[in-house]
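What follows is a group of structures, each given as structure tokens.
Here come two complexes built around chain A, the first alongside chain B, the second alongside chain C.
After this line comes the complex of A and B, so read on.
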């Protein structure tokens, strides 16, 4: 090969003074970095993915990891990533696939928005003492309600309400399929959402029977591959989500490689063992906004109008106009997935270059729907790059009803964002179907960690609201007066509809 | 076989119509005859059981979507995507049908006496003993059996026309498409390849053709002996060679 090898991405070293040669690193590294040769533990750093499993399990803190130990000649245009992608494609002639979310250095708008707090002129609210309403109802709200007064003075609601999801916190977990992630990972998150009174998505991998006990907290997904979709599946979900697009790879489908289609995944998706599970780019019964309305209504008709139907799109340039069409399709909620959203695998060129940030998408969709007088017809769920409770508060203030987290929930279970999800070797037992690795993730422990994260963020959200003198999530929703832009340009602030700091 | 229930669908919206159908099934009806159907969508959606539904008229889109068990006989044409994501049961259409017939069908049978539109049988799949079957009496438009992951799709060309579509079986990774007459290689999509129909294949599909002929009161002899082209996946992993990793 005339290109030779590229420099190491990571270098692993062992402090031989500290090492007691217990071999836990050898046992734990599913990528095969460590091996014993005679008296010595040997290292093959080229196999390392920086998953940190060895560091986390080393009882003596003897292992050290260094990223990019070998420099290229520095150059602002010809970055390491640009050069290495070319070496890869010069060798293979193929499309580069990658894991996790957008890896380009775009500015993060959330970090250029600051929240408000009360001082003197209006009092802040102490969430310890005062009730703080974070319960969120997702679905259509009537534009007006009619009530009838009964003889005994009670009032009776005359307007017929359509089903809504009642979430005890605006933080939900987005769709990560069984197949992409392990059953123990899904099980852990399912227990966590049941415990915290919120919801999670199934992804397009069907619903494994071990998740049936948590089905009242599951949102079942119907995507272009229609895997695992039958009437039982639709009826089990608390809501149904049509996936049109995904923030990590807008405009294209996906496919689960045959290697990950094990016996159990094959059964849940209802496809043959070892066959590729291919989700085409479009739904082939949806070629127009009218066809979307047909699928929304078809799902409602099949489930006798008992389930809210969500529609998820990737946040793209014309998201606001598209969302206005979705709002008229009969859908109960629109999920907007921003370009920082994660994935098990996406073409690098899509992951890094297609789509728009969730902050701009939420703000413009909310504004468009309000402008058209139909904001009450749908809820807005923001996803893609929600990293902390402040992002939740800012997304809601920009107009979202609730958020989906994805990567954050995986990180709560141990994920180190190494981005090698597609290898089926996840040493944390999350993105793998290898039973010995899956067994490393204990749902009793991991579910507690995910529940802790949701509880902690919900507490922080309540504190942020209290500090701003807001005691109900409804009063935060779309409340851009509680945001200010810091070092944002004027045109972006006008899209977000926020003022700049000091104004 | 339970009792027969007749419903007059004249001017009725699909939701009350489906409610009546569900009620009739719940009450143990064996046969449900629906007269004056004119464009009502979603008839029989998500319906379970083993009732027979007779549709007199022209149903709207997504007929019998997600259906799991019943038989639906349509005396007329059908619109977009009859048998969409159907799980089990039978749909027998005495006329023609629109685009995306049997889209993502997972099990059961769809017979169309006439022609079908674009994307027929697209993404049909199979699992275990669930193997969906789509048989078209006339001809089919382009993109037939795209992304097929399983099942059997037969086009009988009984109107005497040669197969004229293109992009047949693009991305096909399971199942088989059987089309009467020779299909020129240029009509196949990426990932599909054609094979002659062997005697074993012919024996295998004969019961399906007989059942189709029986459903429409046709003589199966000529169909059983006709020349067919068989189109199958070139690989079960059509995209395996397209990607490299970061």
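After this line comes the complex of A and C, so read on.
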């Protein structure tokens, strides 16, 4: 084999003085790094993904993990990733798969935006003493309201409101399907959103019956594969989301490998056991905006106009024009998934190179819809790369109504972002269907952690709003005055429509 | 800071400007000598069917012709003149205040329900956006704004406010923070028949501005208050809301309160908040707004700025301070402080 093997990416070592050979590392590593040979625990570092399960479970802190123990000749252009991808493809002739979000070192716009706070002329508001409203209604709003005066002088509303989702926080959990992640992972998040009064997406994997108790907090997704979609599924969701694209892989479909399609997944998705679940790139019935509008209407008709219908697209350069079309399709909300969005599996080349950052997408969509006078009639949900409450506040100030988090919710359950979700070996019991691994995630514990995260971010968001002298989320939405660009170039600031720091 | 005061006579008896000048000066603690202004309703009875356009010209050689031409394109200038002013030692006259009495030609704005108002609003936005040394700061019928950068007494004496008579007066003593004390930044802000005086700062300005600009209004005064005049015009004139519902949109009840209202009220308030969320105003404010039908005062939802209401006979007073009301009317009765967000609306009885 002329190419030989590539160097190790991580090196695991055991402090033999501390190790008591309890074998927890062997039990816990689903990637097979550890094994016992006679008296000794042996290590195969080549298999390590840096998932940290062994470190977390070692009772003696005896395990150490290092990155890049053996380096290539340093080169600014021919990085390790570039060379290893070529070695890999030269061997296999295949597309390189990857999990989680974009792994390239693009500057993060959120980190170049700073929020504002009040001093003197404008009192900051203390959320411990004053009411703070982060409640968010998602869905179509009337462009104006009509009232009529009754004889006794009472004012009566003539306009009929269409159903909206009432979220007690603008932080929701995005779509991660049963199949891509485990039922325990979905259950944990479902309990968390029910507890915190918000919503989560089912992903395109159908709705497992164990999630039925939380259905009032679930948004059911329809992707091109139409897995698990029937009228019962539609009626159970509190809203319906049509997935056109995903931030991690704009322009391509989805692929759940057959080994993840266990009996339960096959029943929920309504596909044969062990078969690959392939979502084509386009929906078989959507090749134009008119087709999309028809599907939006059919879904509304099928559910008696009782449920908001969302449309999710990957953030791409003409997202603003597409969003204007979606707004006019009758859809209630537009979900924009930025190119830092996560995934169970995507071709690496797509994940790392296709799409645009969510910050720019939200700003341009908001501007386009305002230019057409229809911004308030449709909601915008931003997702893809929301890592902390400040990102939430900034996304809203750029024009989003709410955000979806994905990876952050997984991390709250224990995920260490090792990026191997597509292998069905997730040692944390999250991105796997292997029962012994799935059992590792305790929904009682994990749901608490996710709820804690949502609560903590919501509190921080309220504090940020209070500091900015704002006591309701409506007044943060699209409030570019509360943002300043720090070390951002002028052209990007004009897309974001924010001023320079100090200005 | 900033001090505001408004008075209306509910039988449309006109009052001259001397009392309100006295009242406003009472609140000099709330100003910094960099902006004061007055607006009077019913001030031009002889031209009551014309739009009274008050314009600040940088000079009348270059810029007046642009305004003249624009107005002649859209209608007829019935009369125009320099607004009489009287030099004051402490007040540096930077602009030349001019007034036009203008009749728009409704045929030039087809497909409009209120073509005359739309023409005038358009002209105001166009001239002010172009910013070529002309700023239209008052554009209602039978209403006039008189403002400048100075102390209340100086500005009043500069225009001889006591020579004007109106049945609603609003006045403002400014302590500027957002922008230097320039003439255009002084209050009242006006569009058509709407006039606004404001104490506070609107932290939702970024949202409100993006919202209102998507309907063709242009914010040109570099300060947050002007958006209030546009929001009232949009909600009341364009969307046909009553003034109390417009206030509801700008300072709505909290969701917790809406949730517990009786059904019909709950529905109405929820609908207003959902439809007009981007118009709602946040931050500290006490605002008095007027048009020819009413004067309304309201504060932000947690009352971060003071507002006092008093009544005496047919007169309704709304101000930042009781002392200011008493300076105008020592015998004032029924002084009270309305709860946060609760509008106080004065309407005419005849």
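As a convention for this text, the second predicted complex is superposed on the first by the 495 of 503 C-alpha atoms of A that agree within 3 Å, B and C clash if a C-alpha of one lies under 4 Å from a C-alpha of the other, contacts with A are read in each partner's own complex, and residues count from 1 in each chain.
Note that in this section contacts are C-beta pairs under 8 Å (C-beta built on N, C-alpha and C of every residue); 3 or more make two chains touch, one makes a residue touch a chain.
As the structure is a computational prediction, the values presented were derived from the model and not from experiment.
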| item | value |
| --- | --- |
| First, second, both or neither for A:474, with chain B first and chain C second | second |
| Which superposed partner A:67 touches (first chain B, second chain C, both, neither) | neither |
| Chain B versus chain C as contact partner of A:442, first or second or both or neither | neither |
| First (chain B), second (chain C), both or neither touched by A:126 | neither |
| Partner chain in contact with A:23 - chain B first, chain C second, else both or neither | neither |
| Which superposed partner A:161 touches (first chain B, second chain C, both, neither) | second |
| Partner chain(s) touched by A:143 [first = chain B, second = chain C, both, neither] | second |
| Contacts of A:231 with chain B and chain C, given as first, second, both or neither | first |
| Partner chain(s) touched by A:370 [first = chain B, second = chain C, both, neither] | second |
| Residues of chain C that touch chain A when the two form their complex | 177, 200-201, 203-207, 209-211, 213-215, 239-242, 245, 254-256, 264, 267-268, 270-278, 280-284, 301-302, 304 |
| Complex contacts: residues of chain B adjacent to chain A | 14-15, 18, 22, 41-42, 45-46, 48, 61-62, 65-68, 80-81, 84-85, 87, 100, 103-104, 106, 119, 122-123, 125-127, 130, 146-147, 149-150, 171, 173-174, 236-246 |
| Contact footprint of chain B on chain A as seen in their complex | 85, 88-89, 91-92, 94-99, 224-226, 229-231, 234-235, 255, 257-258, 266-267, 270-272, 274-276, 278, 280, 284-285, 291, 294-295, 297-298, 301-305, 347-348, 419, 422 |
| Touch list for chain A against partner chain C, complex | 118, 121-123, 125, 130-131, 133, 135, 137, 141-147, 154-157, 159, 161, 164, 366, 370-373, 375-376, 397, 468-472, 474-482 |
